[in-house]
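Each of the next two complexes has subunit A plus one other chain: subunit B in the first, subunit C in the second.
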Partner chain A sequence: MSRVTRRLFWLIPLVLVPVPLLLNPYQQYVVNTALLYVPVGIGFNLVVGNLGLLAFSNVAYFGLGAYTSGVLMAHLGLPWWLTVIPAGMVGGVAGSIASIPALRGVRLFYLAIMTLAFGELMRWTYIRWEVLTGGSMGMAVPTASLFGWSLDTDRRRFYAFLAIVVLIVATTDRLLRSRFGRAFLAIKDNEIAAAAMGIPTDRYIVLAFAWGGAVVGLGGAMFAISVGHLSPISFDLTELIRQFAIIMVGGLGSLTGGIIGAVIITAAPQVFTSFPGFDELVFGLLIVLVILFLPRGLASLLARAHPAFVDRYYRD
Partner chain B sequence: MTDAQLLQLRDVTVRFGGLVAVDSVSFSVNSGEICALIGPNGAGKTTLFNAVSGNVVADSGSILFRGEEIRQLTPHEISARGARRTFQNGGLFRDLTALENVLVGLHAQVASGFIGLLFGNRSAAAEAAATRRARELLELMGVGAMADQKAGALSGGQQRMVEIVRALATNPPLLLLDEPAVGLAPQARQQLAAIIRTLARERGIGILLIEHAIELVMSVADRVIVLNDGRKVADAPPEQVRADRAVLEAYLGHA
Partner chain C sequence: MMLSLLPQLLVSGISSGMLYALIALSMTVVYRATTVVNFGHGDMVAAGAYAVFVFGLGFGFPFLVAMALAIAVLFLAGFATQRFLMQPIVAGPHLSLAMMALAVGYTIRGALRLEWGTETLNPSRPYPQDIYMFGNVVITTDDVVICGFVLLLLAALFLLLQMTPLGKVIQATFQSQRGAALVGINVPMFHALMWGGGAALGAIGGVMLSMITPLTPDLGQWTLVQGFAAMTLGGFGSLGGAVAGGILLGITEKLLGFYANTVFIEITGYLVPILVLLLRPQGLFGRRAIVRV
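Then we have the complex of A and B:
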């Protein structure tokens, strides 16, 4: 029964199709931002939540994906849709590189600091590699197009984003429900025992980092055309905290959690935009409340509400 | 020295810095044989065990498993070749259910490549078959009713059974049991002894067993290997070891 209910989730994108008709351009921009943060949350959650490794290099994949897309468009004149796959690939490669300390046995705070440094190194690269990135002044991202169709409005971008996000959610869901998802949880629980059961733990760690990096890179490609201007300041520590808040509020180790977190963290501050400074207060309060009352995030609340919301290998 | 030898250790030495934890130990385990490894704390039993399972790389010597040198292989490679182990305490994945623990044990059997998984549907059949087998095995070992409970919530005895099922799920020719009787009630110990005997006698599995519960060792082992200070001091049938002078010295410090 719960499996049937779960299939109904695939109707959600269909329900979203007419939504742009109800929104003004600004609201549409906010919805797009929420959408593009879905893969950012999912990729981050895969490594931190499912695999249980404290890797803080998520913003690096995000920025690299964004700059890959932006640079290929601005300098080579490629249409946006041709830059999406390269952005994902660059994110995936960056993820594999960021997994190296973890493969050498670096864990916990040490891993957190090393991966954090990786992210900062990337930010430094955007600043220094002025020829490509425009340095700290940033660069303009040309108008995107999809198969010759101009993605010049937020409404048009919405449909492109929705398609990409659905694809990412569907494939990651499959991955996490399979023996791979089970192996990730086994590694998180007891790495030595997982290896003793024949699981090549190193290979799986690289896989999780690479898959996570790739989907976050795709989020970056969407970010590039959504904001239309890239500058290093978009990829600083504040951005990392925001992305971390997505998975904390949404629920560590839950695919649904990554999605909900992206929506909540993007939408919540919008409610209070008329009171300057209030959005940060809401943001902070939200995190404190969730950690106090729902340590496993909003996903745990949903899981209690209905079994259909429980990811196969999500444990609260 | 015959080809029937499943596991053969020759002059295996493990050093931790200046400490020689295992000092030039040689012995072998045959198919269907129950071999117990005993000795006082710090004698090097677990280190030797870890050297066989790949959790520690022996500094010198040779470890042959079914004729193949495995000394430098990683734990997952050794496990894939059919030498499977249990752990002294808490070897289970606590957040996974008993059934899922066994499914992790069957990981290699649920063959689905990464790409095939994302675009195909073939893995579903393998997963279903593995699930059936895992349930059967849990049933067989008397923990079938706990299949869908989190492993961390099971009693010590049930956890031990699930861990043995998980190790056995792939029909390995060699089973390494690290203190399986620890924390078990006397009745559960007898049950465990019966299971170990069945595995060796009826399924021909070679078993290497570390155990402090001396009555269990004496009742199941075909051969007892005694370690002291990293060196092998006896290797004989249980009744002979019981009377051995070197063994008494190892345990009591005097003759």
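Then we have the complex of A and C:
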């Protein structure tokens, strides 16, 4: 695919710029939610899809990013834009910590169990550290501002989110196309062979976890101001299945897949939020169906339609 | 004063540990047979507890009949899950297998929540509650029933594995799937049967659990973590280790909760797998896995 076709992708955010004029506030809120889940899907996909490691701790980075942003705003009175970078950093550090077991040779189900326990431990921390987080009652997040410009409506937040998401997608795309992405692919295919070829696998694993965690943490910072209220329930295991549904339905190991998944999974179930349990049921069934009938997710349909959507940095 | 409570803590630790042991054992059966960890197992356990509730209170069957029906239903559910959902992708990457099991579990949990929402059910015990005093140690009927029932099950399982032809088949397949296939054992059928068996065992655990804790759709989540903790503590894939790990986990939880801080009762299940896998990945009784290139 030519470089010119690639550049055409930059038109997508440009097309999105006038979209808020067409939406009512509720639709705008749904669009914002879909937008903030794009980095969540991308970060998750990087570790699970591209690196091929079963890390279940994505919700932990998401929650840590959201709480970092919320706590800094509520307790230190910082404006939102100053808390975005710390949220990403905390997510990145949490990702690096979660990668420690992977470096110790913990793989497959063992890694899944450890990271699952890590995520649950974080959720327990939000409940117990009441001074900072408000415990299980949750905490209100002050109105956000960007360089003194108040982000008090969903429409204003949309433009801030769009800018951050475009930046994340562009940088992650570059990362995956560079030697880093090729190293991830080599590690996924055969870690021992990759190490034997001289790829410092440990370093790349930490990097993937840290980058994934940071990106997801940024998503958390957006989540904090989008919902305006943080409570531990938002970061439980139902959230985990939502994030798994994003990458599985969108397409494992595919940047496009992470984006498509985020949009579809967050936009669709807004319809049935009034029935508790319905989202879990739908996400569960969706994942079952996708694994059975469309193992590479919706992104593979796009890739079949046009070569511009083929992910060069992923193989089965 | 502090030490005089030790026997009491040990008793209640063993009592809840027996439950963890049963759950860990049911997960280990599936893992040993298919080398797949059933991430949806916790929800199958919860489904078993709910099934007894439905058959017992909903249809009015006596407790033991309701329990037998629930076990049968869960056996079929486990069997069908393996047969129709896991078997088609069994040659695929581990990630798909783990995700499939997880997704099945969430489907069950979603269905339970859709029906019972956020209600908390308190199924009544089928036996009178009583207290026995031994010196200053209090033993409840719950403790006796749970320990007795789990020990009975363990004995039955041991006999099944060691003394019957079916047990020989199971052991042979545990040792080498290809070898078992070569001597004419139907390995896919065996996998499905073991999934069914694991789910049925889990259902029994769920029934016992529902007698001592309130029943919510989130029971499965907690169960899964406790089961994992017991499995890792005992050494992944070891049947005896699962039992020992479960009992040890129950005791550890109670001792830490009393002598250190009550928060440990909530988080021991999360801390144990993290610490064990970092410090001694093979668990207490497992063998270190050797990776061959």
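By definition in this document, the second predicted complex is superposed on the first by the 293 of 316 C-alpha atoms of A that agree within 3 Å, B and C clash if a C-alpha of one lies under 4 Å from a C-alpha of the other, contacts with A are read in each partner's own complex, and residues count from 1 in each chain.
Criterion: a contact is a pair of C-beta atoms (placed from the backbone, for glycine too) under 8 Å apart; a residue touches a chain by one contact, two chains touch by 3 or more.
In this text the structure is predicted, and so the values were computed from the model without any measurement.
Q: Touch test for A:Leu22: subunit B only (first), subunit C only (second), both, or neither?
A: A:Leu22: touches no partner chain.
Q: Report for A:Val131: first if it touches subunit B alone, second if subunit C alone, otherwise both or neither.
A: Neither partner.
Q: Which chain makes contact with more of the residues of subunit A, subunit B or else subunit C?
A: C
Q: Could you say whether A:Arg174 touches subunit B, subunit C, both of them, or neither, answering first, second, both or neither?
A: It touches subunit B, and subunit C stays clear.
Q: Please work out whether A:Leu237 is in contact with subunit B alone, subunit C alone, both, or neither, and reply first, second, both or neither.
A: In the superposition, A:Leu237 contacts subunit C only.
Q: Examine A:Leu8 and indicate which partner it touches, taking first as subunit B and second as subunit C; both and neither are also allowed.
A: Neither partner.
Q: Using the touch definition from the top, say if A:Leu252 reaches subunit B (first), subunit C (second), both or neither.
A: Second partner only, subunit C.
Q: Which partner does A:Ile192 contact after superposing on A: first (subunit B), second (subunit C), both, neither?
A: A:Ile192 contacts both subunit B and subunit C.
Q: Given the touch rule stated above, what does A:Pro200 touch, subunit B (first), subunit C (second), both, or neither?
A: The answer is first: A:Pro200 touches subunit B but not subunit C.
Q: Mind sorting out which residues of subunit A both subunit B and subunit C touch, each in its own complex?
A: In subunit A, residues 192 are touched by subunit B and also by subunit C.
Q: Using the touch rule from the top, collect the residues of subunit C that touch subunit A in their complex.
A: Those residues of subunit C that touch subunit A are 37, 39, 85, 88-89, 92-96, 98-100, 102-115, 117-118, 217, 221, 225, 228-229, 232, 236, 263, 266-267, 269-271, 273-274, 277-278, 281, 291, 293.
Q: Give every residue of subunit A touching subunit B within the complex, in rising order.
A: Its residues touching subunit B are 171, 174-175, 178-180, 182-183, 185-186, 188-190, 192-201, 207, 315.
Q: List the residues on subunit A that touch subunit C in their complex, please.
A: By the definition above, subunit A touches subunit C via 48, 52, 54, 100-101, 104-106, 108-110, 112-114, 116-118, 120-121, 124, 128, 192, 236-237, 241, 244, 248, 252, 275-288, 291-292, 295.
Q: Going by the contact rule at the top, pick out the subunit B residues touching subunit A in the complex.
A: Touching subunit A: residues 53, 55, 74-76, 79-80, 84-85, 87, 90-96, 100, 103-105, 107-108, 110, 112, 114, 117-118, 123, 127, 150, 166, 170 of subunit B.
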